[in-house]
Amino acid sequence: MNHALRRFESVLSANTPARVSFWVLVALYLAAIFAPWLAPYAGDDESRACSWAPPSTIHLRELDGSWHAPFVRAVSYSFDDDARRVWTEDSSCRFPIRFLVHGRLLGLDHPVVSPVVGRDAPTGRLYQQPGRPYEPAGRLYLLGADARGRDLFSRILYGSRVSLTIGVVGVAISTLIALVVGGIAGFAGGWVDGALMRLCEVVMLVPAFYLLMLLRAALPLDWDSRLVYFYIILILSFLGWAGLARILRGMIQSLRQSDFIAASRALGLSPWRNLWRHALPQTFGFLSVQATLSIPGYIVAESGLSLLGLGIQDPQTSWGNLLEESMSIAEIRLHPWSLLPGLFLFAAVLSWNLLGDALRDTFDPRSLS
Amino acid sequence: MSALLTVDRLGVSFATPDGPLHAVDGISFSLERGAVLGLVGESGCGKSATASALCGLLPPGARTAGSARLSGQELTSLSEPGWRSIRGRRISMVFQDPMSSLNPLLSVGEHLVETLRTHQDLSRAAARTAAVEWLRRVGIPDPEARLASCPHELSGGMRQRVMIALALCPGPDLLVADEPTTALDVTIQAQILDLLASLRRELGMAMIFITHDLGVVERVADRIAVMYAGRIAEEGPAEMILAAPRHPYTRGLLDSVPGFRPRTGRLPSIPGTVPSPRDWPSGCRFHPRCPDADSTCRESAPDAPGSDGGAACFHPVGSP
Amino acid sequence: MIPMLLGVSLLSFLLLQLSPGDPLSAQRGNPQVPDALIHRIETEYGFDKPVPEQYLLWLSRTLHGDLGYSFKYKRPVADVIRERVGATLLLAVFSSLLSWLLAVPLGVWAALRRGQWPDRLVSLTAFVGMSLPSFFLALLLLFAASVAPPIPGFGRFPIGGLVSPEFDQFGLWERIGDVLRHLLIPGLVLAVGGVAGLQRVCRGSMLETLRQPYVLAARARGLPQRSVLWRHAFRNAANPLITLLGFEFSALLSGAAFTEIITSWPGLGLVALEAVRAKDLFLVMATVLMGSFLLLAGNLLSDLLHAWNDPRVKLS
């Protein structure tokens, strides 16, 4: 274990893209874990008055030329002759940006690291919307807002919790299923082996998308929102186990017939114990590389599923789900920032791919190009 | 000088992470038109590097020193386009392993037609006819049918015949054969050697025959050059070298081959092992293994054999 | 081949059985669907019979070309599939060709300039291409197309669909041109995903091949450089590429489906999605079967290509 860690370290120090990817992933996953502390707004914090608001302009100078700490202004929209939204700022107010303002989570006060809008300087008011006293006027949209005025940046942070973890969990379950199926087939041999391998081949014959559709059709369309996450993991795990099971079965078979197993059997050791203690650990290196290389695929699969409306549903967020709003092509130029979750997706997938590639070079030098 | 090939202090060095490796270190010889030179040596002596240098097929990162002139044209300073006009047309090469030297995806006919049409202005049909003729010349039975065969369908001997046809069909002045029979069965070896000898008579090309096998070289060579550790140890007419070798290494080689000399008792072998290019010994490179070595041999390198042959040795066999 | 497809049909049939109710439950409550139709289908497909018998009934009907009835499209499923398969095939073939056209020169170039900047650059772009989800790239390209000004001679970039509204008024060449213009974005999206893997394998395979003795021997015969590179080196390097083509076909079909949906390209993927959304289960099964069939056909094609390229390969 130590040996492997040291090799991993040395590969990272030599391979710059892998090193950068590693830190990017650390940052992304930490951001996901600490989302409530980092997100300016809660995921469902709506403001209809700010529907499709563009990213906020952060000002440093007032109209009279005086310098201030960074602040934003309240925005409102009206429609022009082409029925397009035009956003105007209300210059009478000034909402300074504050950090570490207390927010409430689960009824407890906690500091929010991320920038949040403070009270309006001239009037001291936080809520100032004529006729709508409960809607905050000054909103800080770092990356713009969606149709319901929810802050995209906050939603991306909360969405990362789903998008980044579903892949890892899905791969873990897939690998487990593959280990079981491949293990049974490899050990048992005979007709059990044959039947299981035929099953794998059949599953592999269906292209991933159509398999997703099939599985999705088999499950009810309207889901209990608490169970959605688990259903999706279930579906995703079904995608990858077959190919891996076949490879594992092959590995186990060849290990069974290998010389050192025969030798230890000749020494009187039980074959089961052999396999458990000697043979299987040899597959772990391969498995960990395979798992890392598969994670990006699962992340993309979940995003794709949610994008089509068949995965994570509102009000829960995932990056794919957030991209769903950019699907109406005709309107996308009115709110191009809704494409940004895709960028985060790309960054995560790229980082996993580069890292997985470096890992593969560490553990399997035969595949070095 | 009417010699076809004049090699003068040719050196070949390879770039390695630990510095340049001098595989060939100042060898000189000459080759007349139509003559056969046998270049003999054990593996690691630099003979293959010499062959590659003469065809411009050294790997990138290799450097040549000295001179090699083919009919007056300097080869060591040729660029790649320059080499492309020489290869095949004036110098050709036959390789050791015919299986891997033939493109597995192309048929024999496709190989030959391609080479023929590259060097001569022939139509496809004319090239095909010429290809059949060449196959017949190298002794392949039923040549018309063999045109469509692929390399994996042929035996080792047949493949080598095809290689020879490919090398000779552009009509080169010089054929470099790098261990052409080493990968073949003993019975086939003799056939290939005879083929090469008869083709040489028929076409009049010169040949450099590289091998580690003295028995083989006996059958083909007019002159023999023995290489050791990147240098030529001895050079001269074949009969003379084989009957009365002057360099202790050559004598040791001949003594250790069964059948060359009548003897009884144990087969002598040269003590020690061939040095690697990384640690060539000082002075005469053979001195660690030579029974007659003395301090002179350790300190200074003997002169290379001259144009009339001779041994690069301070105490050649037969001298006091 | 046939047993595999049977296996797929059995698997999908069993999985769909997990769905609560029967395939018609979604339609029963629908006032637009006449009761007589529901009743007819019930008896024809034996929904009141035990599961194995249902499967056999479905199977026998399928073998006669009857894939069921689609409630969403109000037509036999077979007709719907037949109409849409062509578009998917066109997209798959076009993007495969495009990705080869891009990947092969890039891979060869990277192999020839190993370790130098072209190699690194190509490798980096390969990673980027591999990591960019196809649907995101599609969205980006469509966004770009929607804000791009019209190009002279080309018109505006189409942002979806197979043909323009005026298609029926076009002559033959104009029709072909119209389809090609619409094919550009989805084809490009799919090709980019394919180029990455293909280019890497091409580079690795070329590096391997260039070291082979027969390449050296070809140079030794004085053959021109282009001939050595393509006829001798690349043809041998192509074998792993063709194998990859076979392996990647599954990913290609999946990627095509996603891309079709986003760019509104009327192919099999779009149908599959709509079928799932409408709970049109006959259609779902048919699309799954068709997808698997296309995959098998693709693998077969790859085997044929192998045999064509390499005389050592024997077709079983």
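In this document, chain identifiers A, B and C correspond to the written order of the chains, with residue numbering beginning at 1 in each.
In the analysis below, contacts are C-beta pairs under 8 Å (C-beta built on N, C-alpha and C of every residue); 3 or more make two chains touch, one makes a residue touch a chain.
Keep in mind that this is a model prediction, so the values were computed, not measured.
Participant: If you average the Cα atoms per chain, which one ends up farthest from chain B?
Facilitator: A
Participant: Per-chain Cα mean versus the mean over all protein Cα atoms: which chain has them closest together?
Facilitator: Taking the mean of all protein C-alpha atoms as reference, the closest chain is C.
Participant: Looking only at C-beta pair counts, which chain-chain interface has the most contacts?
Facilitator: Chains joined by the most C-beta contact pairs: A-C.
Participant: In whole angstrom, how far does the Cα centroid of chain A sit from the Cα centroid of chain C?
Facilitator: Centres of chain A and chain C (C-alpha means) sit 26 Å apart.
Participant: Based only on mean CA positions, could you tell me how far chain A sits from chain B in angstrom?
Facilitator: 64
Participant: Just give me the whole-number Å value for how far the CA centre of chain B lies from that of chain C.
Facilitator: Here chain B and chain C have centroids separated by 55 Å.
Participant: Of all residues in chain B, which touch chain C in the complex?
Facilitator: Residue positions touching the partner: 55, 57, 84-89, 92-93, 95, 97, 100-107, 114-115, 118-119, 150, 152, 163, 166-167, 170.
Participant: Hey, which residues of chain C end up touching chain B in the complex?
Facilitator: Listed in rising order, the residues of chain C that touch chain B are 212-214, 216-225, 227, 231-232, 235-236, 309-312.
Participant: Chain C touches which residues of chain A in the complex?
Facilitator: Within the complex, chain A contacts chain C at residues 17, 198-199, 201-211, 213-221, 296, 300, 303-304, 307-310, 323, 326-327, 329-330, 332-333, 336, 339, 342, 345-346, 349-350, 353-354, 357, 369.
Participant: Would you mind writing out the residues of chain C in touch with chain A in their complex?
Facilitator: Residue list for chain C touching chain A: 4-5, 7-8, 10-12, 15-20, 124, 127-128, 130-133, 135-136, 139-140, 142-143, 146-147, 159-160, 200, 203-204, 207, 249-251, 253-255, 257-258, 261-262, 269, 272-273, 275-277, 279, 281, 284, 287-288, 291-292, 294-296.
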